[in-house]
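Each of the next two complexes has subunit A plus one other chain: subunit B in the first, subunit C in the second.
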Partner chain A sequence: MGDKLTREEVLHVARLARINLTEEEIEKYQFQLKKLLDDVDKIKEVKLDSNDKLIAPVDEKTVCREDEAGEMLEPEEIMKNVPVSNGNFVEVPVMINE
Partner chain B sequence: MSKYLDLSILEINGLLKEKKIKPLDLVLEAFDRIERNSDLNAFITLDREQAIATAKELEGKEVDNLLFGIPIAVKDNIVTKDLRTTCASHILDNFIPIYDATVVKKIKEKNMIIIGKTNMDEFAMGSTSQTSYFGAPHNPWDHNKVAGGSSGGSAACISARLVPLALGSDTGGSIRQPSSYCGIVGMKPTYGRVSRYGLVAFGSSLDQIGPMTRNVYENALLLNILCGRDDYDLTSSHRDVEDFTRLIGEDIKGMKIAVPNFFVSDIVSAEVLNKLNEVLDLLKKNGATVDYIDIDYIDNAVTLYQIIAMGEASSNLARFDGVRYGYSVENPVGIDELYSRTRGEGFGEEVKRRIMVGSYLLSGENAKTYYTKALQIREAIRKSFLKAFEKYDLIIGPNATTTAYNLGEGLDDPLKTFLDDILVIPVNMAGLPGMNVPMGFGKGHLPIGLQIIGNRFDEAKMYKLAAFVEKELNLELDPREVR
Partner chain C sequence: MADYKKTIGIEIHTELKTKTKIFSNSINGYGKTANSNVNVIDLGYPGTLPTLNMEVIRLALKAALLLNCEINKEMHFDRKNYFYPDNPKNYQITQFETPIGVNGYVEIEVNGEKKKIRIHDIHIEEDTCKSIHYKNHSFLDFNRAGVPLVEIVTEADMHSAEEAMAYVEKLRELFLYADISDCKIEEGSMRCDVNISVSKTAELGTRAEIKNIGSISNVGRAIEKEAARQINLLESGREVEFATYRYDEKNDQTIIMRVKEAGNDYRYFPEPDIPYVVIDDELIEEVRSTIPMLASVRREKYIEAGISLLNANKIIQNRTLSNYLNKFLDSGIDLVIASNILLGDISAYLNRTDLELDDTKLTDAKFIDVVNKLSSGDLNSKVFKEILDDVMEKEQSLDEIISSKGIKIISDPTALKKIIEEVLAENTTSVNDYKNGNTRAIKYLMGQIMKQTKGSASPELVNKLLEEELSK
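Coming up: the complex of A and B.
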């Protein structure tokens, strides 16, 4: 314990979130994340009478709409924002090594 | 330059109907005002060309509703077809949406004219709008103060009278708190009242879009056209659309008002408490009753917010990966590097911090220790609120513990931004409607706001009380008149 997380702890959290950090950021987040996580820890002390949970405050039954084709977007439209494309394909780096 | 935008919506509507003015007059006046107040940094993107084209198209149409031809500003986390939507983030600074959010469709159907996209905290994460990639907006009452956040640009542009109407979004106070700091009327409707389709998701179980305006009546008018069931948002309510102006002007005699003790505890500054007490006296004098009550676990709301909002955010923001849209790093080696470098360079400091904390809190055993526990406390808070509403019509208190503070203050403290929202977060946890109506001024003539909280779907009753307070206090809310 102390007032900061270890370097490895920060890198672990950053890895979970798929976020690359600079050296300067790692150092800063060692203190900041510790402060936030310590604060959140207060929740462990709270005593409750019930285990009922509230995930979202909706009191109507949520029903999926019928699976019918509706308005559709054109592939050209969708491709407009794609950073790297080839025709109507989205290009990404190689994912599977041979 | 004309001064039509100083008139009420009803007056403008009259002039449009009598053909004394055209929508184009309003649009040009709005852009003139925005240009002369560009130091406020209220907008990220302006849509001058399209707004003028729309205004000209409207000249051939019948003025068929009160909001016809009225310029409106839209928060930059609500997608607008063919108009850049950045969420005030580098990761979306080149993003052009290919569809309209449901609320945007609705405002276009009523022939309102979108002027531009307003500044905000990056991905709505913050309480001052200072986390914006495009720099912070300024408070029109004092340019050295924050406008509040995250809907700071929308609040500033209404307060400075640049446009009469704006849309904001509220996940943990992001409509009410900047409305309080800037002296305007802002409504966070009941969760489910307004479709979230096209609102870039932050905390999906908390987010809600709402109207930000100069006065109570115009706020209700705008909410009238925003709400309703939408098949594209499963959580939107099937309830009938109602007229939210219908109780405005009614007597408040016999209204039962509750004030949570937490809202008048020592976390609130003396000048805010004094104003609240003046309002309570006013209500009592006019036949309302006021009781102090306890809402269970309300003091834990900030912690719950840190867990629930950050957890949901870490999941929602996983979509920003450099693959389908937005910023993407060049020549990444492997898919993992594409993700992590894009996100590392594309997101700002606050957003990265929140995603990391959220990811951590939801990982492995932590999900049970923190997230499940938070959901249990959340239910207890909701039950306590609902119990209070069995006895009381409305719950009131302040929206913020202080008035707007200096730009640059508190940026190094990761907890400060959450504590700024300590009085507004409970409403989002319970899915209740909450609003701000100005109730006076503090030191340096900075606005102080009254928070009105209603039972689920009780917005009309909230507008009734808000309109009463507005009329009785009769404050000068135009900063140009006093600065």
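Coming up: the complex of A and C.
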């Protein structure tokens, strides 16, 4: 295992996060990410009596709402937070390669 | 080529018929102005939290029960993480570990043979926004973002295009009838992804996934095309690549979209913003009681009543008509006649006037009266056509409508026989033609008789009496 991740592992995570890394950063994250994973491994060593999984910070069960409509935003409001809009649409660089 | 076996699994996404979205109270509607059914939750604004729509749980539970699934009585949601503009939160809320239903099945019938298709699971998730691509831009409409979906995943139990189509058709029929979804494939409220591989041995081949097939017949076509493509590859010594394709209808071919990412790149983890959802027996029974008579049961009952398979299917395709007909299943009326006028004159009237049955003045009593009178010959189809508008639009009873129109129906065989004898006596040439084997002559004679009765006799009865008379 060693004390660092491989270069490929770091690049794979970077690709999933859609970020570019410099050579310096790649090297730095090889160590940092490994440290993070090791810390998580330590948590895994805790012995538990039950298999109950805590999925939320509260013990209560979900309370559902009934199927009733509420307020919505006007398209003009939405576009205020949109870098590039086109009419009522949000415009982004092309997502597929035809 | 023939010794390759196809193995097919299907994933179907179906939008649930709710008023509002799954985690926000903005409207779930199709065909509205872009980005008009949207609120801060659908856009993933920082600080917003999802609130689960109870109707989504009810409808998904209904679907899971219809698919004969075991229900996960304590379930939660999971985050599926990916960066893509169709989902600004950068994760989709779905169910990964605890789908609402598991280990179910659907029964299909192909060429008279029944077969169970196992359901691996049915899980709930949110839809992403809709994107339209043009040149080097994509345009996003978040009206669809957060629309509730169920995804139904089969085991790889199908082995032909026919089985796959029968499965999709069956699922569509189930969900339509139980009012779970509109199931409009062309509007995207039902979307099919097909996984297919071919192999000569018991070991499965590498599969390809064909995404978002736009119609049930295209499911069949895409499977045939993709299987042929894979067999060609294997026969020429090459390998099938594990990849995602789409079906191009115009050119009838499958086109590669992307080589698949591994599942664990999605880094699923439990959604911490939505605590456990509990489904108790009371809710299960409540939801079970809302399941209406299914299409397959209706079909059996209609065929038992003597309705042809073709007409039975036509009625089942129109749930309003089918529900209407069901009211009379035990009334003792002639259901064949009832189905004929529902599919014929009454459907034509509804189409012409753009009305629903509920909007008309056709009461149950009037409908029974019409069917019984058509059955006894006290009303004939020609007169029914004439008075149809009044039957549908006036408060009057059938008898009142008939007498107010001055229509007299001759259903007395003795009176009819007299007219028939007169007509035959006046048309000896045609009678002789008929007796000499020119069977078409009977049509002319029928016409003459109907003319004499001014169309007030039942054609069926006249035909019967005329044939009796001529065979003397």
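Definition applied: the second predicted complex is superposed on the first by the 93 of 98 C-alpha atoms of A that agree within 3 Å, B and C clash if a C-alpha of one lies under 4 Å from a C-alpha of the other, contacts with A are read in each partner's own complex, and residues count from 1 in each chain.
Here, a contact is a pair of C-beta atoms (placed from the backbone, for glycine too) under 8 Å apart; a residue touches a chain by one contact, two chains touch by 3 or more.
Just so it is clear, the structure is predicted and the values come from calculations on it, not from any experiment.
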Subunit B versus subunit C as contact partner of A:Lys53, first or second or both or neither: both
Touching partner for A:Val40 - first (subunit B), second (subunit C), both, neither: first
First, second, both or neither for A:Ala17, with subunit B first and subunit C second: both
First (subunit B), second (subunit C), both or neither touched by A:Phe89: second
Comparison of subunit B and subunit C by subunit A residues contacted: B
Subunit B versus subunit C as contact partner of A:Ile78, first or second or both or neither: both
Subunit B versus subunit C as contact partner of A:Gln32, first or second or both or neither: first
Partner chain in contact with A:Ala69 - subunit B first, subunit C second, else both or neither: second
Contacts on subunit A seen with subunit B and repeated with subunit C across the two complexes: 16-18, 53, 55-60, 62, 64-65, 73, 78, 81, 90, 92-95
Complex interface listing, subunit A residues touching subunit B: 10, 13-22, 25, 28-29, 32-33, 35-37, 39-40, 42-44, 46, 48-60, 62-65, 73, 77-78, 80-84, 90, 92-95
Residue numbers on subunit A that touch subunit C, as the complex places them: 16-18, 53, 55-62, 64-75, 78, 81, 86-96, 98
Touching residues on subunit B, where the partner in the complex is subunit A: 95-96, 98-99, 191-192, 204-205, 231, 234-235, 237-238, 297, 300, 303-304, 306-307, 314, 318, 321-328, 332-341, 343-345, 347, 349, 352-353, 355-361, 363, 369-370, 372-380, 382, 414-415, 429-432, 456
Residues of subunit C defined as touching subunit A within the complex: 18-20, 24-27, 33-40, 43, 51-57, 76, 81-86, 131-133, 135-142, 257, 265, 267, 270-278
